[in-house]
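Pasting the structures in now, so scroll down.
In the two complexes that follow, subunit A is the common piece, with subunit B as its partner first and subunit C second.
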Partner chain A sequence: MASIASPLYYAPHRRGLLQRVWRARWAYAFILVPILLFSTFEFYPFLQALRYSVSKWSIVGPVDFVGLANYRWLASDPIFWKALWNTLRYGATVVPGSLSLSLFLAVLIFPLARAARTFFKMAFYLPAVASIVVVSLVWRWMYQPAFGLFNYLAGLVGLGPFRFLTSSSEALPSVMLMQIFSSPVIGIGAAVILLLAAMNSIPFELYEAAILDGASAWQKFRFVTFPLLRTTLTFLLIIGTIETLREFTAIYLMTSSASSNTLTGGGPFYSTTTVVYYIYVNAFLTHQFGLAAAMAIVLFVIILALAVLQFRKLNLDVEY
Partner chain B sequence: MTALSELSRELTPPAQPVQSRAVVGNVSLHRAGRTLTYTLLTLAAIASLMPLYWMFTTSLKGQASYLKQPPEMFPANPTLENFEQLFANPTMGRWILNSAIVSLSVTGLNIFFASLAGYTFAKLDFPGRRWLFWVYIATMMVPFQVTMFPLFKLMVSWGWVNTYWALIIPAAAWPYNVFLMRQVIQALPYEILDAGRIDGCSEFSLFWRVALPMSTNGIAVMGIFTFIASWNDFLWPLIILNSEKMRTLPIALATFQTTFETNYGLLMAGGVIMAVPMFIMFFVFQRYFLQGVTFGALKG
Partner chain C sequence: MNRKHLHILMAALALVSLVLSACGGQQAEPQTIRLWIWSQWNGKTGIEPNGQPLDWWNDQIANFKASHPNVEIEMEDLSGQDVDINAKYDTAVAAGNIADIIWVDESYFTKYASSGVLEPVDEFMTAEDRADFLPNDLVLSRWDGKQWFWPYITQANHLAINVSLFKERGAENLLPAAPDYAWPWDQYAEAARALAFDRDGDGTTDVYGVGFGTDGAYTMAEAWGDHLYKQGDESRVTINTQNTIDAFHALLGLVNDGAALPGSGTGAVDLDTNFLQQRVAMVNTWGIVTDVETLPENEKFELILAPFPYGPNGEPTVWGGVHGLAVTKQEDPDRLKLVMELGRHLTSTEALKDVRAWSKPARVSLLEAQRADPNFLYEEYIPQFEAYTGVLIPLMGQGPNAVPVLVKYEPLIEAIFTGDLTPEEALGQFESEANTILSQP
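Right after this comes the complex of A and B.
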């Protein structure tokens, strides 16, 4: 299953390891720099993070081993539980919301003429090109309760006014809505384009067969399009989950100090404090690096578990 | 993880000519269906583009008009005063320069090193290749939030806080790009490399003169997405930069927010300055964006 092809160009069997290494010296030379970078800036920090998570450390001073004290502290910290709940709620809304909307839009776009397809793809993708920093600030401005665009538009149809980001119940959904539309990774832009590319590669004969069998539009979608998009959807689901659960920028920019009534930001009454945001607070505002590292490890385990689970559950073999 | 690699290979399927899209689609394009399709899509497109429109128009509104109620859908007295005020700030040029230096360096280094490593993993065999590659892929799944403090500590001990080095060197060969270039280069036939070897190409020129020129499409996609991801990168620069002069645009913009809390005209003008280069890239390299590959997506 490992997809590394084997051109056994360099490595005839039954040679000594040293000789094989010597014959492949170019390969080692080529990957030397990337491997050095990788070990220094990714792998070593990862090992260090594991160590910090069982230590007490605040940027200066010694790193004291404290066993599982950080994890025990987290388990008893109500804000951490709140952050965990917010994170899961966030992922469980943004990812399926964005994917189902994207699938719907892709199905609508697919039969259109080429120019129309290009136009709509661009219209949906453009927000993803503007940085999440820019997009977060724009949405924050539109969410502004007194002068923002959204309350004005809501007023036109007799709704609101809403408090959006300044309300503990509306803040997180407000950020979610922004993510569904504008996230560069899981937002509708990228997903629609990927789904359309996948739809393009579905063999036409399958639809012909379906039509011969008298399939309705819904049946064509249900029994041909959807099963064959499964691989792409699984990919989007996994990547989307990973990305959404570690989203920081939007939370930080939309709900930090200015619009919230807590000192540390993260929304009114921690309503938008996700694990990632809480990590940031603990590390860089209160300097409890050990705690922050433990949270990061918990987050990593959750993300990994979800990714593996989704993959196992969803990637049933697709027959073309 | 194997599966992920399988998946992303399947994500760039050869496009097939479709005889009749209308038959394939699920909305039969009768007149009512067509009207409904276009109505729904147009509404969604408006919702999608509205924030960008609002950013541009707000940036053109003066102090007096952006807080008007009801808001002006189209600025009645468009003015460039917000942009003038931004550029009156002497460090504004420096921030743009910082962003450009960092993004261009990161992109250039990635194009070279990630392609070279991708090529090595794809086409050369060497003892340790397999486990090295899996360590790479597994570490790719680690959220940046896990590694950022140790990385921060490393930067402090090297004295790299507030330097370009801290922004450029750790990002010089994103594992994700290595992985993607491996996928791209793997598609090249071995025969071509063998022919090059027989002709006496050195190992490096096999990469430089044979593999690289044949992968320009993949490299372009990688380069574009790397540039955008680097230009928009937020969390790492936020942590590692604390002097005003060294800020990149996203950090500068985020600090505007606290400085000019309610001056949305100015904030939106900053957003326009940051977004416009990306829009230009998007329109110039449109076909790479719209072909359906989300490179760079994993960079957190």
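Right after this comes the complex of A and C.
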């Protein structure tokens, strides 16, 4: 029994909490560092962004509180709505497109012999290893309407010429295609590797049972493979959604002028402007940091809502 | 001498030495100057085979330190797009640690000048300096009646023309001629159509007559008579006129006729690489001479530089720019003087006179030094440089709203060439949006 002089002598409920904390003191000590880092480099900047979102600030002057004026401006800004529509369209195409293709490839690769499987895994993952900067510039060149590789190949089969990045209707799909095939995060490379690893962990007995029941290949996929890949697919869906909704690098590199003094990318005519790109324009070109912060908060809310929705609806445990 | 006298003497000596050491300490106090630059050539002269980007800068800093031994200079090379450099400046200003001397150009400096970040250089610019700088460079570095930085490179968005392709097509008569290289729109358009051809007879165009980016398009439009702003008045845009509409229709005509590189008028078209590979005969460029001159021998071609063609009511035009070194706010007048001295030194004739890169100097004396050198590789370009820099205009304006207005302009110009808007619609929409920006406090 602790004496009244002991630091452990407290009222019963406080003694319990403090004792629990004291018992787990090393755990708290170890997580203190990441918490401090998170607070300093993530949470504090987030609070500052919230502050700037209700302010007018051009970085070289004072921070003036303006209430919800920035948010009201966004609500009436047709370019912001265009950017939001581009972003959602981008996410809704790239993520399912990448996942579908990755799943299809994984199903094709999985039954192969070990050596062949290793070869294909390496072949699909290699583009993901390259810097997104290099990949974007290479694809930009392949997309050149005159003398680009894609129009040359299209011409061989009697198609095209296409305008790709120089057309307001073709530019965004062009960037989407690049991301599906080459993105290190949401491209097919990383997804194929993860899906193959997940498929490897499915007990073979389940397939044996399915075979004994007379299941076709499609039925085996539908009732055994797909349900047991759900966790991995959910993870890829959430990560992919977050990444696509934050798209900036590929847009900046593929649509900004390489050889002139043109200030703005995200074109032509805003056709590839995403929310994050529009944040960049407002922050660093027109120096409206308050407006840019407001956009960032809106995007944060959207991404958070989508991530929570996906996690709740899709992350169901499956057991056999 | 008794003990009391000895103590008094020692105290007096200590006091004297204290005073003397304080004086000596003020003179010997080391100063550190931080310098952010954008290196534009390799090597000390720009033409050494193994020259490094910072050779010239290190050499000039050493020269300055020889006469200022108590000065330390910390230099950082910011080579890259000017948009991103200015994003770095924004962050540094917010953090309170911007360098003492920073590279600037005509696009962004007014934001910092109007916010009190920069020091005007007038007081430190001698009459000889003013007479030596190219007049347009002084105009482009001036705002609110003051000079805000030391110019050292004259930039311009101008035409680069592949003369070898003109000769291949027997169209030399269509080239602009010395001394002013000025040419009317009809001649340019005729040349563009003549220089678009199928070289190997397979039915596809192998060479295009012209290629232009978004900036080339709206610069060419300004050569038809009207400008983004009336000179000296940036309270509203004045570009939505019949002259400009006609200019964009004329440019669209080149695109529709197949004379222009596909994608012209948009930001994603790659002009420099196609021009260097001789797939397009004329492009707008901010600088391509060095790239052409350093091509392998079997790929080199003859090049001339020219202003943009002028429309029926216009005159030869290029979009003028200038790079320079600006001095940021200094608390101490003596330190300000020292930092200004370094800025002036780095942009002086004395420092730059041996540079033999295609450096597009901002001083007349440097042009003369290059012209007088019989071994100067780019001597033939000097008259062309003088011709097009003589018709510089500050296209995007110089007020604090210059960049926000241009950010509205460019997508609308792209929309003309993607077919989303007609020139009339694009210019009308731009006028409305730009004047809204300009009318805000």
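To be clear about the criterion, the second predicted complex is superposed on the first by the 274 of 320 C-alpha atoms of A that agree within 3 Å, B and C clash if a C-alpha of one lies under 4 Å from a C-alpha of the other, contacts with A are read in each partner's own complex, and residues count from 1 in each chain.
Just so it is clear, contacts are C-beta pairs under 8 Å (C-beta built on N, C-alpha and C of every residue); 3 or more make two chains touch, one makes a residue touch a chain.
Model, not experiment: these values are computed from the prediction.
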item: Touched partner set for A:30, first subunit B, second subunit C, both or neither; value: first
item: First (subunit B), second (subunit C), both or neither touched by A:300; value: first
item: First (subunit B), second (subunit C), both or neither touched by A:163; value: second
item: Which superposed partner A:141 touches (first subunit B, second subunit C, both, neither); value: both
item: Contacts of A:284 with subunit B and subunit C, given as first, second, both or neither; value: both
item: Partner chain in contact with A:19 - subunit B first, subunit C second, else both or neither; value: neither
item: Partner with the higher number of touched subunit A residues, subunit C or subunit B; value: B
item: Which of subunit B and subunit C A:100 touches, first, second, both or neither; value: neither
item: Overlapping contact positions on subunit A, where the subunit C interface meets the subunit B interface; value: 59, 141, 144, 147, 257-258, 283-284
item: Contacting residues of subunit A [partner subunit C, same complex]; value: 58-61, 140-141, 143-147, 155, 161, 163-168, 171, 254-271, 281, 283-287
item: Contact set on subunit A toward subunit B in their complex; value: 1-11, 17, 20-21, 24, 26-28, 30-31, 33-35, 37-38, 40-46, 48-49, 52, 59, 105, 107-112, 118-127, 129-135, 137-139, 141-142, 144, 147, 149, 152, 181-182, 184-185, 188-190, 193-194, 196-204, 207-208, 211, 217-218, 220-221, 225, 231-232, 234-235, 238-239, 242-243, 245-246, 248-249, 252-253, 257-258, 276, 279-280, 283-284, 289, 292-293, 296-297, 299-300, 303-304, 307, 311, 315
item: Subunit A contact footprint on subunit B (complex, rising order); value: 2-16, 18-19, 21-29, 37, 40-41, 44-45, 47-52, 54-55, 58, 66-67, 69-71, 113-114, 116-117, 119-127, 129-130, 132-133, 135-136, 139, 141-151, 153-154, 156, 169-170, 172-173, 175, 178, 186, 190, 194, 203-204, 207, 228, 231-232, 234-235, 238-239, 250, 253-254, 257-258, 261, 264, 267-268, 270-271, 274-275, 278-279, 281-282, 286, 289-294, 297-298, 300
item: Parts of subunit C lying in touch with subunit A, wherever the complex brings them together; value: 82-84, 86-87, 90-91, 93-94, 111-112, 115-117, 157, 204-205, 208, 213-216, 261-263, 266-274, 277, 279, 283-286, 319, 321, 403-404, 406-407, 410-412, 414-415, 417-418, 420-421
